[in-house]
Structure formats: C-alpha cells, structure tokens
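Data block below; observations after.
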Amino acid sequence: MMTTKFHGVIPPVVTPLTTDRKLDVPSYERLINRLIEQGVNGLFVLGSSSEVAYLDDESRGRVLAEAKRINDGRVPLLAGVIDTETQRVISHIRQAEEIGVDAVVATAPFYAVTGLTEVENHFRALHEATSLPVFVYDIPICVHIKVPVDLMMKLGREGIIAGCKDSSGDDVSFRRLAMANRAAGSPLSLFTGHEVVVDGAYMSGADGVVPGLGNVDATNYVAMYKAYRKGDWETVRTEQDKAAALMEIVNAPQGVVGPAAGVGAFKTALQLLGVIETNTMSVPMPTLTGENVERVAEVLRRVGLLA
Amino acid sequence: MMTTKFHGVIPPVVTPLTTDRKLDVPSYERLINRLIEQGVNGLFVLGSSSEVAYLDDESRGRVLAEAKRINDGRVPLLAGVIDTETQRVISHIRQAEEIGVDAVVATAPFYAVTGLTEVENHFRALHEATSLPVFVYDIPICVHIKVPVDLMMKLGREGIIAGCKDSSGDDVSFRRLAMANRAAGSPLSLFTGHEVVVDGAYMSGADGVVPGLGNVDATNYVAMYKAYRKGDWETVRTEQDKAAALMEIVNAPQGVVGPAAGVGAFKTALQLLGVIETNTMSVPMPTLTGENVERVAEVLRRVGLLA
Amino acid sequence: MMTTKFHGVIPPVVTPLTTDRKLDVPSYERLINRLIEQGVNGLFVLGSSSEVAYLDDESRGRVLAEAKRINDGRVPLLAGVIDTETQRVISHIRQAEEIGVDAVVATAPFYAVTGLTEVENHFRALHEATSLPVFVYDIPICVHIKVPVDLMMKLGREGIIAGCKDSSGDDVSFRRLAMANRAAGSPLSLFTGHEVVVDGAYMSGADGVVPGLGNVDATNYVAMYKAYRKGDWETVRTEQDKAAALMEIVNAPQGVVGPAAGVGAFKTALQLLGVIETNTMSVPMPTLTGENVERVAEVLRRVGLLA
Amino acid sequence: MMTTKFHGVIPPVVTPLTTDRKLDVPSYERLINRLIEQGVNGLFVLGSSSEVAYLDDESRGRVLAEAKRINDGRVPLLAGVIDTETQRVISHIRQAEEIGVDAVVATAPFYAVTGLTEVENHFRALHEATSLPVFVYDIPICVHIKVPVDLMMKLGREGIIAGCKDSSGDDVSFRRLAMANRAAGSPLSLFTGHEVVVDGAYMSGADGVVPGLGNVDATNYVAMYKAYRKGDWETVRTEQDKAAALMEIVNAPQGVVGPAAGVGAFKTALQLLGVIETNTMSVPMPTLTGENVERVAEVLRRVGLLA
C-alpha cells in the first residue's frame, strides 16, 4: 500500500522568501504548480531544503498550510517534522495533522549525544503518537547518527515506519537496505536524497528520489524515473548525466557552505529562471550575491536552461 | 559590570520529572533551595543538563517560570535558549524575557551544516533582538562547530556577547581564550563546563564553572571557587580531586550513552540522596534502573555521600 | 594509453599466511592462478586487503616478488606503495621498481595532520621519483583526508597521476570526478573500490573495479564488466545483486572491526572454499574462529558457493 | 622505579635539516646541548615533532644514533618507534635497541580501522618483543583511536607499559587516568603533550611534560616543573602563562596546517634564535617563508626572546 502511494519523484520544496524574510506566497504558487506540471509524484515540505530548521513554529505552519492549499490534493503531501527530540517532534506532528498531510518525515534525535536505543524509542513513540505514515529521514551529516540497516528493517517489518529518505551519502548501506527490504517483502518505500547518483540507487532498487535539485528542474528526474520503471537503463543514465551537469550550480558559489551554498544555489537558479521573486535566505545564512549569482547563471547557461 | 555579576559556581539545574514526565515541582523546590543554601552564585536553567532539547515549548516555559519563582531573586538566573537556528532561538529569548531572567545562553546554530559567517551573524542577530546579556554556550559535541578564539573575542570586544560557557573539552583553546580576554581588558566572563578539570581552568583564569555535577553536590565547587579567589591552590586541587571522585557516577552506568548516562547519573544520585522523587528521564532516553542505580550508589558510598 | 592498459576487474589480492604468519606460497599460487583463470584484468598487490600496513619491508618485498613470479606477465601487476609520507613511499617505489611492476598505487600522506598543499606536493614528488604510472588510492577512512575532484583532475591533466582507486565511499564525488574526467578527455583511469555498488560506478562511467570480494569469487565482477562494456545493464544489475549477496560475509562476523572483519571474512571464505590453507591474520588482529567462521560459511551456503 | 627514572621535562626534539633535507648534525648538536643545559630531564627523539613519519628507516637510524652520541648519557633517551602496525613497530624497536635507548614510545596502530582488541594485542606484542620500557603515545588526532583509561590502567598494572605521553587533548580523560593511576599505586609515568595547559596536568598529578615548544625554550618548563615539585602553584601558573604566550608562534603562520605550522614554527624560531641553521621541513610539507617567518619573529619579540 505504502509502496503504491509513495514512489517516484518527490522534491523537497524550497521556501521562497520575500526580502523581509516572510513566505513569498505568489512565488510559492508558481514553484509548486510548476513542479506538479513537470510531473512530480509528490511534494515534501519542511525538509532541509525548505530551511525548516530556520523557521519558527508559526512560519512552519504557514508554509505547510499554503503548500496544502496550492497542491489541493493533486499529489501526496509529505511534511517534515524535524526537531531535536521526541516531544518536540510530536508537537510538529500535531500541527501537520491539523493541516492535513499524507505522511510525516522525521530524523533521528539530534543535539544530545544519542545511542541506538534512543533512535528506536524515538520512532516507536512517533508511531504511537500518530496514525500517519512515518518516514525516516536518514541524514547523519545533520544529526550525526546513522540509522543502521538492521534497525531500519526491524522498524519496517513491524510497521513502525513506512519508508526512508536516505541522505546518508552511504550508497553501500543503501544497497544493503534495498536488498534486506526486498528479502522482507518490501515493507519500506526507499528514497534516495542524492541528486547525482539516482541511477545507482535505482540499480539498487530504490522506489524514488527526493531531489533538492528537482526544484530547479524536475523534468530529468521524472524522465529518469519513467525510464527506470520501463527498464530503459540507457535513458536513466543519460538523464542522470544531464541532472548531474545541472547540479554543478551547488558547487559554483565560493566562500559559502552547507544550505547557504546548496539551497542558495537552488533559489538563485529559480530566481534567474523567473520562478521565484528573490533568492533571499533565512538568517543567519548569507544570501548569494554578485559573482556567486553569476557563477550559478553560468552553469544554467552551460546546460541550456538560461539563454 | 558583567564580570562582577556573573561569576563563580552556576550549576546547570536538572529538571526533575514525575513518572509521567511532567515537571516535579516539589522536587524542583528542594533541589534549587539546596543549591542556593550550598552557596552557588547563580542558576543556569534550560541547559543540556535540564534536558532542554527534550522539552516542548510549553514545558520549557513552565520549568523556567518555576525556577524564577523558587529562586525569588536570591541569585542571578540564566536561561538556555537553545534551538537550531536564529529565528527559533529568538522565540525562546522572547519567552525568557517575559518570565524575567538575568541573561540568556545560546549555542552556535546546529542541524544544518554551518560556517563561521553564520555563527557570527547568529550571535549578532541575537544581540540585536534583546537587551539581555547573551552568553555563548560553546559545545561542539552537540552542535558540531567550535566557536574559535578569534571570533569569540571579536564578539566580546564589540559587546555582542557577555561571556561563554566552554563545554568544548578543548582546554588548549580555553587557555588561549583566557589569555586573549585578559589582553583585551576582560570583556568576557569565562566559565568552564568540565567538572573534573576546573582547577586547570582556574589556572587559566576562568571566572567560574557551570558544573552539572554541582546538582548532586555543589559544596566542593563552592569551596574550590573561594579558595581560588584567595589564591589557595592547594585547596583548589584537593577539592577538585574530591569532585572528580564523585564525578565517577557518570562513568558507572553501563549500556547507556550521552545524557542518559550523565544526566541520568545526576538524577539517580539526587534520588538516592532524597533530594528529588524520581530519576525519570525524558523520552526517548532510557531511565537508569537496577544494576545501574546500584553502580551510582556505590560511587556515592565510596565518597561518603551515602551511608 | 593508460586507459587501454588499466581497466576492468583488478582485485586487491589478499596475502595468505601460514599459522606462524609467513607468506604461504602454495596458497598464494592457487589464489592468483584462480583469479587469472576467472578472467581478471589485473592484480593489485600490497593494498589494504593485502594487509600491507602489517607487513615489514622484507615481507612486502617477498609478497610482491612472489606475485610477480606467479603472474608471470599474464596480467598487469600494480603494487601498493603505502606509507606515511613521501620519503617512505619512495622507498617502497624503489623496491617495486626493482621487482618490476606495471604501476604503483599510493595514498595521500597520513599520520600527521595534512593539508591539500601536502597532498599535491606528495603526488608530484612521487611522479618525479619514478617513471611508473602512479595511481591515487583515495581512502579517507584510513588516511583521513579526501583527494578532492579539482586536485585529482589537475594532477590528471598534467600527467602526474594515471588514475585512481576510489575507496572514499563518496559516490557523489565519484560521479563528479567521472564527469570532469570525461570533459578533460579522460586522462585518468577510474576504479571504484566498493564491491556492492559497482553498477552505480559503471553508470557514472568507471573504468573498472578493485574488489576485495573478488578474491573470494571474481566471476560476478568479470561478467558485470563484460556486460557493462556491451551496454547490457540488466546483466550488470543482476550480477551486482549476486555479488552484494556474497558480500554479506563481511557483515557476518561479530565483535570484530575493520580488516579483522573484512579481510578476515575474505580469508575465511577462501579457506572454506579450499583455495588457501589458513585464515590467519597479521598481528595485532584477531583471526576469525568458531561461530564467526560458521557465520561466513552460512553466507557461502546461502549463495550456493558452499555445499 | 619507572617513576623515578622518567619524569619532568622531556622535549620531543625536532630534527634540523640541511636545505637538501639531510640531518644537519652541527645544528642538532647545538640544539641538544642547549636543551640539556636548560635543565631538561630527558630527550624524546623520533616523535611527531621530529618529523618521524617523514623519515625513511635509514634517516631514522641516523637521527637516533646522533642523538645518542650527542647526549652521551647525560639524560634518559626515549625513542619513538612509530609505524602503522605491530610488525613494523617491532622493526623500529630492534633499531632502537641496537643504538641503545632507555625507553621506546609507540602509538596505537594506525592506517587500518582498529578496535580495542587490536590496541591491547599491539602493546602486549611490543612488550613481549623487548625488555625496554614501552610508553604509550596517545595521539588520537594522528591515529584516530584513543587508548581509554581502563585499558591504559590494565596494561599499566600488568607491567606491559611504563607510562604514557598524552597528546589526546582530552584533559577530562587525563584527570581520570591520573586518579586511577594513583589508586593503583602509580605504576605509570604520566606525561602531558600539551604545552599551554601543563599547569592543569600538574594539578591532576602528571609526572612531567613532553613539550614541543620546549625546543624553542625549555627554561619555563624546567622552572614550572621545579615549582610544581615544591608546591609553588603561583610560579607554576606564572611560568605557564609565559610559555603560553610563546606558544602563539604556532598560531602565527597563515595558510599552513599540522606540523607544517607547528613544527615549522618551532624550527623557524630556532633558526631566528641562531640555534639551528635552516627551518627546512620534510617533503611534502611547505617550509615557512616570508611573512610567516616574520609572524613568528613578531611573537618572539613580543615575549622578549628576540631583540
């Protein structure tokens, strides 16, 4: 059931901001409508690419409610419920339930040093607290613990979690997870979060992709997923190479790190493409300006997205 | 001014919980009153030892308001305003301002990968948002970035920050910070967070200590600080050795990590000493039980705190 | 030229030991002959899987000389010249030159904290010291620095290095390297060291694989490489899945880490398959025994390699 | 016995090089004689500060033999026997035994991923291989594993190791080690390797210090140690502050990291002071030049060592 509902291309939607750092609703409408028109299979709102960690609770609610309104049931809507520990995550789940979403996406606990006992307790408590499907957002670069294959499968077999978005960068582990999942009757929907190696994830048997780069252009990812479903690997590879060439926008800016570079590049490209109004980033991140904007534009020109 | 106000022993007060994980107010009263009677120079509420990351916003408010009421102005009250990024931290600052505190304590941003530009922007934004003194909680094990000496001093000289609690475990850096601070006319109040090497921090010129272990027994730390102010180094060393012997309670539990071990040991000791009612820990942490309680008791007996 | 010479399946040959930890020559002969009969395109001797770090200089020389003798020119022979810093690596290059090999494989400098200036200087100095092709062994888990794409390409374009074995586990970086290499006219031969995601590396455009698991059975890797050259991706994927199932031998042992588990599993499997005499590991590693041997055997039975 | 023999100030002697990177013997004589005249209690040769990882076996032998000749029995001579794994370390022990030293100093195994079983096996094998006292060089920044207090004490109580040089930067662990050692009857001689927090280590009960900075000027460390033995803590603190001010030479150079900065600053200072001929560093490290030399000189002038 999960696997039929959640699959394919589910971009983590960026949060367009006005210059005074409020949600820019008209830009958000253009962005979401464009994604759905490009054929995505779902929307993931309030993930890392949405600058979720930078938004206070009220802003989180506004972003999610507007996404819900704009999407209007066209594709499944997944909500990030990212916070330090269980009780705080449950608060966000309550907010998501009130707004109405199709699934929630939670990381392992972070800030405090944490063991696997805590990780397991955490997801069990989230599952008990909601009837929504719970996805694991496996992102050790942010939470500094990896959810191991064995624990992921234990939680999957028991129906505690519905799937995972793997942003671990550990493709060896992803292969092992995909094998174990298949052997267990595929209780989990498995998504990769790594834009430039989706072809490898599909070779491993991934159910889909959550590509931040999909904000800028989801067509490659949609074409890649369709080719994958048909077993047309040559197209998978070709489309992946195109997406990888575009992904160089995140390596183009200089003197910036983390989401200031990555999400900053996505927003800058979207602004250059006329989809969103500004490339403003949340405090305390610097917004890309001057030469860095030009570097992003240069990549867009190289791949033919900009004249 | 800062240095005369904030100095000495300022324990990060643990949050006693009932078995159903609400704030246990009578236990909290006994704990805070005992600390003040033992002679502490301030109270730090909603820090890591308070399980701040595990408390939702409402619980945070309750903990802080009760601490305010119980303290009743006897000693300076510092409030942790710990959250992922600037906007969320400012929300907590607003709450702290409404309740009324003497200073706020914030970490560097966390969750997202972050550079020093963001760290600097972050503390500048916090300073602009409040007239309260802002302390840096330098805790790379939780936030995965260290605030370097140069940036700390830059923010100190400009009056952006009032001081820091150094929980970095990097005593070389602390020495350099203390030297640079002295050379700049001591704009910062410098506290160490490492219970067993406070003597070394005093040799470096620390203004005080924020000892989690002080919850269990603050008398050594108070005696050590007084001796330090008099230049009685032999007493400093002797008291430090006593405190270090007691600190073995955090290494005693087996099969637990992070605050489940450390704060868990503090709470278990406080329960064994009759100060608080239960040693219950927040979800998703396991609470110490059975053999692990006995291991903590054994250390208490060894140092003569328990019969 | 390099790309025509070095490509395909080049296993890092394990070093069979007698129970008193000398090179077991008859076992070594059986192992190398079997690999060549299974169709490998080269042999990599004195890499991590050869326990190179555990062998003194005399043992290194014996292992390499015996490999040279047994191979007898049938396939290209690559020699690891792994040591802490430049001068020591050059000593090993001299030894390899005297014995006679087709290429040498060196890591970035290790032990001392090192910057990219040192990494660049290091490979330039190695190139100046020898006329043999120099391959970069990119293995941050051992040397704690990653050779970045830009530096790798700079050294490749200038002819300083001939290629790399990527054991970084960073498939995003590998994709970027493959793209950059293609754009530069493919000066580098690119090998992946990760046994279970070779299909993804081929999608990225890898020239081959250096699979430790190939010691146990190279037939899947040989079939996978041939299918890759023909564009038969379905076979690539199927063969990869088979190899991944066998690779579970390295996750089977309990209570051991690093090469004691990985190389230990390879040796144990080879012993169970009758290829080598003992599964003895170098001091100070524990050799797999009892239950751990049985766990490896169980995987071999599951995949049909053992009756 | 050990504790009476090995104690006090034992600098890790840098290796002066000629511009063509051979041992500069006249400079080495001046350096060693000056250290002994300044009152050091021993010499540690072939440690990290000696650029041991950069020297081939022949150079190592020459450095050690010259140190032996120059010292001529005036103070105890400790030799680093640093290499990746047991068998290679034993080769260096043999060399040290032939030349004749008073103790050998070995790190935990490195390069390969290693568990505590291997660390324990390693030191047991070294002890079996020699009758010389074996010191543990605990330096996780280089070998990426820390020798925990429990294992250190187990090896100490059994007489496997004679002591340790703690360069872990973990002063909490050092305190715990010192406490455990005292409780066990002080089987271990405990040295700190951190130049700017030796006062704290003495408060913990250290037996001495191995200060790289002592190469530049050992007089502060000698005075500090003497004051420590007399319980004159005020002098300990004052001398430490002076040494810490001088230590800023290692933070002065820009654009260099690791020993290229640290040992580079020591050598540059020694050259400026006329003790050694050149500040040449081993390949592949850059040698400090131009502005960076001036930055080191500036610190020397500030503390009054240079006119």
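Chains: A, B, C and D, in written order; residue numbering restarts at 1 for each.
The rule is short, and it goes like this: a residue touches a chain if its C-beta (ideal position, glycine included) is under 8 Å from a C-beta of that chain, and two chains touch if they have at least 3 such contacts.
Predicted model, so just to flag it, every value in this text is computed and none were measured.
Rounded to a whole number, the gap between the C-alpha centres of subunit B and subunit C is 49 angstrom.
Annotation: 36 Å between the Cα-based centres of subunit A and subunit B. In subunit B, no residue reaches two or more other chains under the touch definition. A ring topology is adopted by the chain contact network, closed into one cycle in which each chain touches exactly two others. Applying the touch criterion to all chain pairs gives A-B, A-C, B-D, C-D.
The residues of subunit A lying in touch with subunit B in their complex are 48, 53-57, 59, 82-88, 90-91, 109-115, 117-122, 125, 141-144, 256-260, 282-286. Those residues of subunit A that touch subunit C in the complex are listed here as 169-172, 175-176, 179, 194, 196-197, 199-201, 203-204, 231, 233-234, 236-237, 240-241, 244-245, 248, 251.
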